[in-house]
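You will see chain A twice below: alongside chain B first, and alongside chain C after that.
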Partner chain A sequence: MSSLKKSFNIRSRDFIHAGEASITVQQLLKQMRIDPALIRRIAICGYEGEMNVVMHGGDGLYRVEINSDRIVLEISDQGPGIPDIAKAMEKGFSTASDEHREMGFGAGMGLPNMDKNADEMFIESVPGSRTRVRMLFLCKGTK
Partner chain B sequence: MELSKLAEILEASFFNGKDRSDIEIDRAGASDLMSDILAALSERGVLLTGLTTIQAVKTAVISGVTAIVFVRNKKPDPDVVALAEMHGIPLLSTPCSMFVSCGRLFDAGLTGLDGAR
Partner chain C sequence: MKAADLAAQFNLTVVAGKDGLGRTVTGGHCGDLLSEVMANAPVGSIWLTIQVHQNIVAVAVLKEMTAIILTGGNVPDEEARAKADEEKIPIMLSDQRTYDLAGMLYSAGVG
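The block that comes next holds the complex of A and B.
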């Protein structure tokens, strides 16, 4: 299978459309008959990532690359960046507003959920500038 | 149990999906925190929540939740019902509180989303 690439824009504070990229890719992967457990992990990571951008980031991008042996998911945004990545990875740590909590988010589980569900996850962030979260999913012998 | 039985136990009414009330439910998760639902296994599970937002439905789609029950008679907006219908997720509303809903479903034999009792 040759590589299939898709990308979707994520708009800051667009809570109405947040999650659409993840659901679209979830449906695409179902059509491709990818392992349902793997699809679920990819969908959760994408959705948590999208919500992070919508709540905390500037505008961003959801990109996925589907190969026969691996799927790479990348969520990036145009800031404001994460000052302390180790702190942001702690379960329960959150900088969410009351508005985010009223919508059911901001429990401080986004990045930990993504890390738990991806086979590998890398975060690059420049405080005041941008963040990029890259996740790798192996199509066989995974979590 | 079938979703119709769950609705009977919770005295719940359907906003959509009543024609699929024979789907099987054997797990339940109760939370207003979407990440809690995303962190748990949710196949054949029902989500009990007080949140009637569009993100509650999207969380159900992503996590594989089978149906959503809004507690304390909460009612979703029509666009939330439309999104749920598009994804084949029945939405219901119960007059019961979250606590009483959980108690009744536990008593009826449902497990948590992770299968625990």
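The block that comes next holds the complex of A and C.
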């Protein structure tokens, strides 16, 4: 199977369309008969990534690359960046606003959920500039 | 149990996503923190929550849940109703508290 690449724009503070990239990719992966358990893990990571951009980031991009042996998901945004990645990875740590917490966000579980469900996850961030979260999923993995 | 049967048995008002009422409920989950629901809700579950905005529909779709029940007399906003119709995720309303309704559902064999 040759590599299939898709990308979707994510707009800052756009709660109306939040999650649509993840739903579109979920449907695509189902059509491709990818392992349902793997699709669920990718859905969690994609949604959490989208919401991070909607709530915290500038505009961003959801990119997925589907190969026979691995799927790569990359969520990037144009800032403001993460000053302390280790802190951001701690369960329960959140910089969400009160408004977002009232909506059920800001539990400090987003990045930990992504890390738990991806086979590998890399975060690059330039404070004041941009963030890129890259997640790797092995198609025959058992995680 | 089908979502439609559950709505009838527990006197729930279906306000959106009626095209999804034929799907089967195989479990349940209670939660208002969306990341917690994303992490823990089982496939095929009925989701009890007090969140009323459109993002609950995306969570239900991505977690392959069967339907959403808004408890405590809460009602969905317009965007949530439209999204639920589009995605065929039933949204049902109950005046019961989450704890009480979950207990009733569990006693009836749901979950």
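Basically, the second predicted complex is superposed on the first by the 142 of 143 C-alpha atoms of A that agree within 3 Å, B and C clash if a C-alpha of one lies under 4 Å from a C-alpha of the other, contacts with A are read in each partner's own complex, and residues count from 1 in each chain.
The rule we apply is simple: contacts are C-beta pairs under 8 Å (C-beta built on N, C-alpha and C of every residue); 3 or more make two chains touch, one makes a residue touch a chain.
Note that the structure is a prediction, hence the values are computed from the model and not measured.
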Per the contact definition in the header, classify A:N113: touching chain B only (first), chain C only (second), both, or neither. both
Tell me the contact category for A:F15 with respect to chain B and chain C: first, second, both or neither. both
Mind working out whether A:S76 is in touch with chain B, chain C, both or neither, as first, second, both or neither? neither
Touched partner set for A:I44, first chain B, second chain C, both or neither: both
Examine A:I23 and indicate which partner it touches, taking first as chain B and second as chain C; both and neither are also allowed. both
May I ask you to decide whether A:T131 touches chain B, chain C, both, or neither, giving the answer as first, second, both or neither? neither
Find the residues of chain A that appear in the contact set with chain B and again in the contact set with chain C. 15-16, 18-19, 22-23, 26, 40, 43-44, 47-48, 51, 103-105, 107, 109-110, 113, 116
Per the touch rule, the chain B residues reaching chain A in their complex are 31-36, 38-39, 49, 51, 53-56, 58-59, 61-64, 87
Note: in the complex, chain C contacts chain A through residues 32-36, 38-39, 43, 49, 51, 53-56, 58-59, 61-64, 79, 87
Residue numbers on chain A that touch chain B, as the complex places them: 15-16, 18-19, 22-23, 26, 40, 43-44, 47-48, 51, 103-105, 107, 109-110, 113, 116
Chain A - residues contacting chain C, complex: 15-16, 18-20, 22-23, 26, 40, 43-44, 46-48, 51, 103-105, 107, 109-110, 113, 116
